[in-house]
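In structure tokens below, several structures.
Shared between the two complexes below is chain A, which has chain B as its partner in the first and chain C in the second.
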Partner chain A sequence: MSSSNLLIDSPEHPLATVTNRAIESVDLKILRSFDEAQEEGESDFVLELINLYLNEVPRLFSAIREAIAKDDWPSIKRAAHSVRGSSSNLGILQIAVIAGALEQLAANQHAPVGQLLLSLQDEFTRVEKILSAERQRRTV
Partner chain B sequence: MKILVAEDDAVSCRVLTANLKSWGHEVVVTNNGSDALQALQRAGAPLLAILDWIMPDLDGVEVCRRLRSEDTERSVYIILLTSLNRKENLIEGLEAGADDYLTKPFDRNELRMRVQAGARIVQLQSSLRERVRELELAQEALRNLSLTDDMTGLYNHRGFFNLAEHQLKMNHRSKTTSLLIFADMDGLKEINDTRGHQAGSNAIAAVADILRRTFRNCDIIARLGGDEFAILAPNVDIADAGKIIERLNSNLQLYNDERHHDFQLALSVGAVEIDPMSEVDIREQMGRADEAMYREKGHKKAQKAQS
Partner chain C sequence: MHTPAHIQRILIADDDPVIRRLVTRLVEQEGYEPVVVDDGGAACRLLQLDSEFCGAIFDMMMPHLEGLDIMRFMRTEKRLMRIPVMLMTSEKDLKLMANSFAAGVSLFLPKPFTMDQFQKTLRLLLNNKSHQTTPWR
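Up next is the complex of A and B:
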């Protein structure tokens, strides 16, 4: 289980503490716990959440990219906050952690936000695979 | 229960909504603070709201603040959603008027319990409001039924007319004459203006005491309102009116002499005899007494102007 592929050499860095631990990309137990909120006669709720997440996150990534280009720190922070919220809700832990760090960097108007966005995108491709497999499992 | 959710993040919003719905709640969904504020200000708005802390335009704390600054009888129970778990942030949220908070990502059972606690409080509040409204109505009804004047303990307008009407019927049957007196305080307005309203109220209460002392306890003594008093004295005719009014004036004089207020209590009085055989009702008789009183007041003023 790899953590982020970022190199962190400063102990003050927001990722320094979190990446010391190995964190799963997706905790499927958390994701599947939403079966409890499944309403009878309705379409699969977890499936709906997966689709919502896979649509929403790339949109937020573009928002972050645009905001970085404009040095718009509040927008970076807000979008990163949303990524963190959505991810932590669904048990998508690694992204939640990196987005949290990005949020913090943006709050302090700290420069290396671009690096974090790259590692978010990198992690997202991993998450996409896991979620697609889960989607597959649920549609057959 | 109808619950408002304000959450800009689509996934969190969907998770929250699905959970609430699965417990049988009706959910009103908004995605930002100003929509939430508007939805909560509408008539029939939800009484429980779950607001995300960080939202575009108005954040959850600001929505709280604005709702709490309104002067409204309805109060919304607010749960703030926060991923910030630093203490000063929580205190800021609670100071802004939030009732409770929940840290994200929330535990399903915790959310359920906190919503349940909120719903219980909302229900208690609305039943309390219901009770207060019932009590107010009952109080109002009692006031309307009351026959006595709070300030003086004399009969009030309603009490006077009820009792006097009945008394006149009895007089008609027993063929006894009665005397109707209308009395109006002189210069209450000046007392109020120069000595304050408490002094004015004291003056009214003093007049009431003097009337009680002057008349018999079978007489109906009332404060009709403001500075107006009325007395119905059964079994008295107009020949005795002079004596009675003299006694009243000497009691007033005694009061003024005993206390050295810088104002004097004085009454203008009109008296009419009520013929037991007369078909004229109490209200018309009051009109006659009122006219007699005004004649006296006019007379007094003319005298004062001359001297």
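Up next is the complex of A and C:
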């Protein structure tokens, strides 16, 4: 079996480390650190960042999916780079790591990018739940 | 276009809406007026009409024109040369950094960044315009 046919969760897969669960999905301390940017009398700034992130990432996933279908490696790399940038800055760590791996694969025009997109989407489901809980905590 | 001397405007170009919003707020908190565009092409078009900025913050990787491309354009026009530029990047490519300094970038802000890192880098950019450094590596 070639390495590209192995499941990423398999320890033999070269990308196994990028889905290492030792890294938490979301470091809420990092996200909440931006509460310091809150202006008095204005809407919740961190909530605004959460909403922007939750709107933007699915759009970028669609862009990656479309680019994969066209073997458009530069577009895959660019969209993965954007996912990595905003995720890492908001403390959304696991997605940042997987997006970084996807970006590297795209830079090297290496085939199993589709598997990493699935991993990203799977992780995003987890992140959505965590961020939705944070959103709810802030709106009650 | 004329800007009153007491208004300190900073040009921000980033295609990522999350980072763009974050940087805009942090610039406002430092007492500057942000002027925000969402790609490098828009930044260049704006700079052709308006050079009244006390600083500029560009993302390194953007559609159409990247941060380094904007820098190269700015260095072709005398009125734009005086604007100190901070490049935000998550790349760790030393050659790219060397090329950026050669093109006139004043400072790098590695991503991810904290509020404190952003504020300190911005203050360094605006208080020490001739200095080229990367404070967080």
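Throughout what follows, the second predicted complex is superposed on the first by the 119 of 140 C-alpha atoms of A that agree within 3 Å, B and C clash if a C-alpha of one lies under 4 Å from a C-alpha of the other, contacts with A are read in each partner's own complex, and residues count from 1 in each chain.
We take it that contacts are C-beta pairs under 8 Å (C-beta built on N, C-alpha and C of every residue); 3 or more make two chains touch, one makes a residue touch a chain.
Since the model is a prediction, treat every value here as computed from it, not as a measurement.
Engineer: In the superposition on chain A, see if there is space for chain B and chain C together, and answer fit or clash.
Structural biologist: Here the two partners, once superposed via chain A, clash with each other.
Engineer: According to the stated criteria, A:H81 is in contact with first (chain B), second (chain C), both, or neither; which is it?
Structural biologist: both
Engineer: Output check: A:S132 vs chain B and chain C. Expected answer is one of first, second, both, neither. What do you get?
Structural biologist: neither
Engineer: Looking at A:Q109 after the superposition, I want to know if it touches chain B, chain C, both of them or none. Which is it: first, second, both, neither?
Structural biologist: The answer is neither, since A:Q109 touches no partner chain.
Engineer: Thinking of the overlay built on chain A, is A:S62 touched by chain B (first), by chain C (second), by both, or by neither?
Structural biologist: It touches nothing on chain B or chain C.
Engineer: Would you mind listing the overlap between the chain B footprint and the chain C footprint on chain A?
Structural biologist: Dual-contact residues (chain A): 30, 33-34, 36-37, 39, 45, 48-49, 52-53, 56, 78, 81-82, 84-86, 88-90.
Engineer: Would you mind writing out the residues of chain B in touch with chain A in their complex?
Structural biologist: Going through chain B, the ones touching chain A are 8-12, 14-15, 18-19, 21-22, 52, 54, 56, 83, 104-105, 108.
Engineer: Can you list the residues on chain C that touch chain A in the complex?
Structural biologist: 15-19, 21-22, 25-26, 28-29, 59, 61, 63, 90, 111-115
Engineer: Going by the contact rule set out above, which residues of chain A touch chain C in the complex?
Structural biologist: It comes out as residues 30, 33-34, 36-37, 39, 45, 48-49, 52-53, 55-56, 78, 81-82, 84-86, 88-90, 96.
Engineer: Which of the residues in chain A end up touching chain B in this complex?
Structural biologist: Interface residues on the chain A side: 30, 33-34, 36-39, 45, 48-49, 52-53, 56, 78, 81-82, 84-86, 88-90.
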